[in-house]
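Accompanying notes for the structure given below.
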Amino acid sequence: MFKTRSVTPGQAPATLTPHLVDGKTVHPKITLFEYDEVTLVEKEIANIEDAFGCFHNDKVSWINIDGLGDVDVLRKLGERFNLHPLALEDVLNTGQRPKVEHYEGYLFIVAEMIYLNKEEEVCGEQVSMFLGRNFIITVQEEPETDAFDHVRARIRSGRGWIRKMKCDYLAYALLDSIIDHYFPVLENLGAAIEDIENTMVEKPSRSCLLSLHEYKRTLVQMRRFVWPAREVATSLMHEETGLVRAETKVFLRDCYDHTVQIMDLVESYRDVVSGLMELYLSSIGIRTNEIMRVLTVMSSIFIPLTFIAGLYGMNFAYQEGDVKMPLNMPELHSPYGYVIVLGVMVLIAIGQVLFFKHKKWL
Amino acid sequence: MFKTRSVTPGQAPATLTPHLVDGKTVHPKITLFEYDEVTLVEKEIANIEDAFGCFHNDKVSWINIDGLGDVDVLRKLGERFNLHPLALEDVLNTGQRPKVEHYEGYLFIVAEMIYLNKEEEVCGEQVSMFLGRNFIITVQEEPETDAFDHVRARIRSGRGWIRKMKCDYLAYALLDSIIDHYFPVLENLGAAIEDIENTMVEKPSRSCLLSLHEYKRTLVQMRRFVWPAREVATSLMHEETGLVRAETKVFLRDCYDHTVQIMDLVESYRDVVSGLMELYLSSIGIRTNEIMRVLTVMSSIFIPLTFIAGLYGMNFAYQEGDVKMPLNMPELHSPYGYVIVLGVMVLIAIGQVLFFKHKKWL
Amino acid sequence: MFKTRSVTPGQAPATLTPHLVDGKTVHPKITLFEYDEVTLVEKEIANIEDAFGCFHNDKVSWINIDGLGDVDVLRKLGERFNLHPLALEDVLNTGQRPKVEHYEGYLFIVAEMIYLNKEEEVCGEQVSMFLGRNFIITVQEEPETDAFDHVRARIRSGRGWIRKMKCDYLAYALLDSIIDHYFPVLENLGAAIEDIENTMVEKPSRSCLLSLHEYKRTLVQMRRFVWPAREVATSLMHEETGLVRAETKVFLRDCYDHTVQIMDLVESYRDVVSGLMELYLSSIGIRTNEIMRVLTVMSSIFIPLTFIAGLYGMNFAYQEGDVKMPLNMPELHSPYGYVIVLGVMVLIAIGQVLFFKHKKWL
Amino acid sequence: MFKTRSVTPGQAPATLTPHLVDGKTVHPKITLFEYDEVTLVEKEIANIEDAFGCFHNDKVSWINIDGLGDVDVLRKLGERFNLHPLALEDVLNTGQRPKVEHYEGYLFIVAEMIYLNKEEEVCGEQVSMFLGRNFIITVQEEPETDAFDHVRARIRSGRGWIRKMKCDYLAYALLDSIIDHYFPVLENLGAAIEDIENTMVEKPSRSCLLSLHEYKRTLVQMRRFVWPAREVATSLMHEETGLVRAETKVFLRDCYDHTVQIMDLVESYRDVVSGLMELYLSSIGIRTNEIMRVLTVMSSIFIPLTFIAGLYGMNFAYQEGDVKMPLNMPELHSPYGYVIVLGVMVLIAIGQVLFFKHKKWL
Amino acid sequence: MFKTRSVTPGQAPATLTPHLVDGKTVHPKITLFEYDEVTLVEKEIANIEDAFGCFHNDKVSWINIDGLGDVDVLRKLGERFNLHPLALEDVLNTGQRPKVEHYEGYLFIVAEMIYLNKEEEVCGEQVSMFLGRNFIITVQEEPETDAFDHVRARIRSGRGWIRKMKCDYLAYALLDSIIDHYFPVLENLGAAIEDIENTMVEKPSRSCLLSLHEYKRTLVQMRRFVWPAREVATSLMHEETGLVRAETKVFLRDCYDHTVQIMDLVESYRDVVSGLMELYLSSIGIRTNEIMRVLTVMSSIFIPLTFIAGLYGMNFAYQEGDVKMPLNMPELHSPYGYVIVLGVMVLIAIGQVLFFKHKKWL
């Protein structure tokens, strides 16, 4: 579900390995946005060098790279913008913890986007961001999914703050968009947990248990990304190199609030899932108890009766000539034997029923 | 029970969405209090602009808005008092964590009121507050419930400190009123838990378990609001912009004490509920054990007896002419067979009873 | 067991409500100690104003009020010594967390005394203290119990430090006396837990479980007072207004040590009680297992035997005229049938016993 | 196992109570070491005043007192070296948390030695230390055990650092010797836990469980001494009164490392013991399950067969004169009845065996 | 699996004890690397004194010692480079917590390498490092395993940063190589846990449980090394003696990131293993429940039927002369008795099946 980096021990640091799809290099999709309050250029770029002409002016330049198939693109970007090789390595070694790293002239931000794939499974995708004074470069792990469409629409429309503000606000907008994607995933999970909860009260089953276990694992994994996401928001809020302006920090406080809410939700869900597991365990105990009660009541009532019936099915029939021996099952030869035995059985049964009623087992 | 904000990822920040009731905008109820030590004006306001005339003097002006149905009211307030759009968004996006945010010229305080609805369920309602130098604006989520009646009565009566103090004291009084509403809810919960505890000792049942699970969830959710409420009290106590005066901070310390007591109660209740769940699990174990003991004792006593009875119910009756074969169940033909078998059975039964007494199963 | 404050939401702060006994105001018992190294005045006071004549000199003046029935006493004290109404409210709203509050000219200290009542139950009583430069006022919740007798005896005897030192040392002595009362309560609890532990190893029973649950609750509640008690000791040790002199701080360090030891004990006991609960659950599991083993062994041995006996109790007796059909239970008509069947039964029984021995179920 | 102080509430602080053995005062064994790099005096002292002649010079003077039976010795030492009565009280009130306390002119150090007694039980003994500029006084609780023999041997031999360094190094050496005694105790415990682990995998038994519970308690109690021991090492390392020289602090870092290792071990063992308890609980569940499976398979196979046998043991034999009624158990009178019934029984048995094989219960 | 130091209490500090293999001293393998950007000398050294000629120049000199069999080598190194005896002791007392210690002129770094041995068990090996201004000495515990081959290859190839940088970078490269060895071990463990998870869902067995317990123990032990490894990275990053240059600190940040990722993985795995244990416990509960259900249904259906059959197997046959008494089992003599009894049995069976269907036990 979530990728973890596969490390070759002893490898030189900053080794760049492309992500292959079926063993083949897939050239990423590169888009460029360049805008200020009045002008907007948006184009798709085949060759990364084509984008290097801009970045000299007061505009905001945003390069978005969709896919990690081509190492050259990153290498050239690294040379052009003086990006540190370790940062570039982290872009490729996906599964990084969300973090903010300060480098000379830019910030390197790693975030994890969470989304539901077609099978309604929770998936994660690493989004890396380089935030400079007048440029912003984003690299997304998966070419198919895209977290930034709403932000693009807001840029195009020109409404709101986004066109009036600088790179740092765009970085905030992108980060906020990533973090807000957690909410629908969590709502989905919350609804699923509530479903389980209702089912469980009515009819606990093994599949409930497995689903709960599955949700628990998902929450454990989401937690690994949510806690550091809060740290990302905090360090951007307290960033002091001037790359993040004071007016953007007010918005980052909002973003921080969201990460805290997400953490709260994740922790609450964990509590609820743990509670449900406990509830389930108790429910099984209750059900076993109930089953045992039925078994015990049935057995305890009939076992003595069956014994009595067996007793009088014995064939003791000693006769000395024609003289019946009085010791040999005289009950069988008494005229009221059968009725009395039946009566005794009924009394025993009633006695036991009363006993079990008294014990509240019936 | 508690609302959680529903977020559209990628939405521009500070988008204001009204709360609709059955799909319709409901105009909120707006009340204005303006008072100093000697004068008091209290009026209901239909049009929010009508209130803008005041706020120039040394009086305390308090606008209370009941309901989130009309975005325009908030927007106009925002323009008049220079309220930040992100704060206004948080007013509408209910389910926020309690918090204090510092803006130029005012504090934005979010608190969560907890109350019992008619079905005795614990419900939450967000109360937002803007505390300026000479004004205070409060916005309540639910038009029906009202947390502030007692405070209004104190203002009207003119007794106590409230009319002698400024806006910050009013903010304290409102916050204190919100926090004090936690106590009856918790007392109610505590009584319910104690009820369950008593029932459980006498007669553990499945419905106890489900109630306990329910209380646990309620406590998990209350916790989400109680911890940050303490932070709200702390940050107001250590507020240094001058919006909160030193003489009010003494009262906030009292308010802080209350939040800590509430936290203590919530945590204690959680401990108790967890303990009860454990107790319940053990109780079921004990009951199953007891049931099994009865079953085992009954079965173990009667199974061998029934076997013996079955043995002498067998029809082995080989006769060569009239000569009885001595090997074919001679017991059946012995004059004391029946009595001896009965005796053996009684001995076996007594032996087992003694064995089970020794094992303390009887 | 422990009182919790009952709050009326929205009530004005610092509302003083007397504690009524059977609905009636009970006048508290007031005692005054005034002493220095050479002189000592000790008297019981009916009217609180009688005490106001002192407090001008270099002596230590200690007013102790036993019982919260009379609000007037507190109000007059408040006026005379300029005590803050919020502090007075806290004196009456018992169930406060232990705390130290700094007010102009005095410290307000709340502590919780723990004692065993006549039914050997753990009870708590709030003790409030106002420590000024030359006066100390203590207010105890319960008129019956008294924590301070030993301190009074030490004052009267004039031995030790107490008469040579000032108010702050008296405050330490009183606090230390309160905290040392935790030790016998905890020792009592520890002994009870050890009793349970021994019983449980020999004969686990439902009442053990309920006692353990009870102790756990008591410990949860004691914890609520012990942790803040440590903070009280710490803040008095680091008090910097001069109300607590350096020579007293050495003693407070000792007092702090005691609170830490109490915390250690409470936490250890919690660990032990949790361990015992777990042990109990396992014990029940083992016992059920043992019972099941007996049932299974008995059933498994006799069920096949009973079946065989039943088999030869069947009445298949087809005869064509006088010719016995060879297929109709020829065993019954074989001369060695009975012996062979008995032998088979014995073999089956031995086989099963060996099987169960192998499985270590016997 | 570990002593806890028994406190009389309200007692004056610094009351010295001797430890009595069978109600009698036992005079402690007192030894004096006085050494520098070239000279060494070692003598046993009957009267503590005899030792007061030294302590004026540049030598290291070490008084060791073995046993707490004589309060006078401590009182005289206290007067001679100006030791604070509260510190002396702590020497006698054993069961103190390990701690370092700063007094004018000396440090008061409390440590807990852990050792195995003859019954291989873990025991604790308080060791108190007064570290002055040119003297060191150690007081040991138990006269029989002695932690310091190795240190004495090192002093006598004159090898290593010990004779070249001052009092602070001796204090380190003693403390290190105390802390290193934890390792064999923990190794012993670790070996015992491993034994239990192996036994449990093969044959879980009730005694395993009780041993585990015992080890858990021991670990809970050791923890109470290990955590503060680390604090002792830290505060000596960061001691700034000059009583601990910089060259000794390097060694204290080593000592600190040991306390951290001990903590690590204790916590790991706690984890392992908890894991084993859980494993045990699961094992019992599995065994019960296995037993139930056997019972169920046996019962399910034979119960229907026994029923069929019982069916044909019924005595329905209605005859109208000599005419057999065809409805009255015609099977009994069919020539192949017996064989068919046996066949049906075999089929039922095979069917059930297949069913249970399918369920993986066989 | 992981060695723990065996301490002799009271031993003088800094006692050096060689590691013996089968009781014999094994001379370690010593290799020397001396390089700068252009030159490279690599040689194996028999006698440690041969290496002392270098270390005067601007080159990086790296001595690697493989094996702890020869104390003399360490002693001579200690004299030559002025290494503190306590550090040398820690080199030999393996099982140290990872740590960084500052000594005059060099840093002493302890790290733990984790690897899988041939039996796929997780093993640990202590690697000690002395980092001076122009030298680096590494000591590895196990002669067979070697963590540094990749680093050597990078030095020989001359590519990348390693030949251009100084000792501190080499120390980073070695540390990074050690830490990166955790990843394959953890991946291996993760795969094993996933295997167990899949098996468990299909067919829970006792061996799963034991494996899980084993993994849990391994994770508990790895944790003991991972947490301090993070501290090692942090203290090197914030090292201020100038031994670690600023340009290396960027790389150490990467190394720190890896330790945090490893911690995250270890903690996640612990969560998952705990979850699986819980799941297992519940699974057994479910299976027992299922088995009991079958037993109860079978028993409950057949027990009454068998009783009825037994009833009519009784031999009540009282005859007064030839007159049959109507009370003696008239059913047996009714022409439809058998059919009716069979019918009643079928009805009872159907009734019970319906009852169990209603209870959802079938």
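A, B, C, D and E label the chains in the order they appear, each numbered from 1.
The rule is short, and it goes like this: a contact is a pair of C-beta atoms (placed from the backbone, for glycine too) under 8 Å apart; a residue touches a chain by one contact, two chains touch by 3 or more.
Keep in mind the model is a prediction, meaning the values are calculated, not measured.
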item	value
Those chains which touch chain C and also touch chain B	none
Shared interface numbering between chain D and chain C [over half = same, under half = different]	different
Whole-Å separation of chain centres (CA-atom averages), chain C against chain E	40
Distance between the centres, which are taken as Cα means, of chain E and chain D, whole angstrom	25
Shared interface positions of chain D, touching two or more other chains	281, 285, 288, 292, 295, 299, 303, 306, 310, 313-315, 329
Chain contact topology (line, ring, star, complete or other)	ring
Partner chain A, residues of chain E touching it in the complex	147-151, 153-154, 159-162, 173, 176-177, 180-181, 183-184, 187, 190, 201, 250-251, 253-254, 257-258, 260-261, 264-265, 268, 271-272, 275-276, 278-279, 281-283, 285-286, 288-289, 292-293, 295-296, 299-300, 303-304, 306-307, 310-311, 313-318, 320, 325, 327-329, 360-361
Residues of chain D that touch chain C when the two form their complex	4-13, 84, 86, 89-90, 95-97, 99, 101, 203, 206, 209-210, 213, 216-217, 220-221, 224, 277, 280-281, 284-285, 287-288, 291-292, 294-295, 298-299, 302-303, 305-306, 309-310, 312-315, 329, 331-339, 341
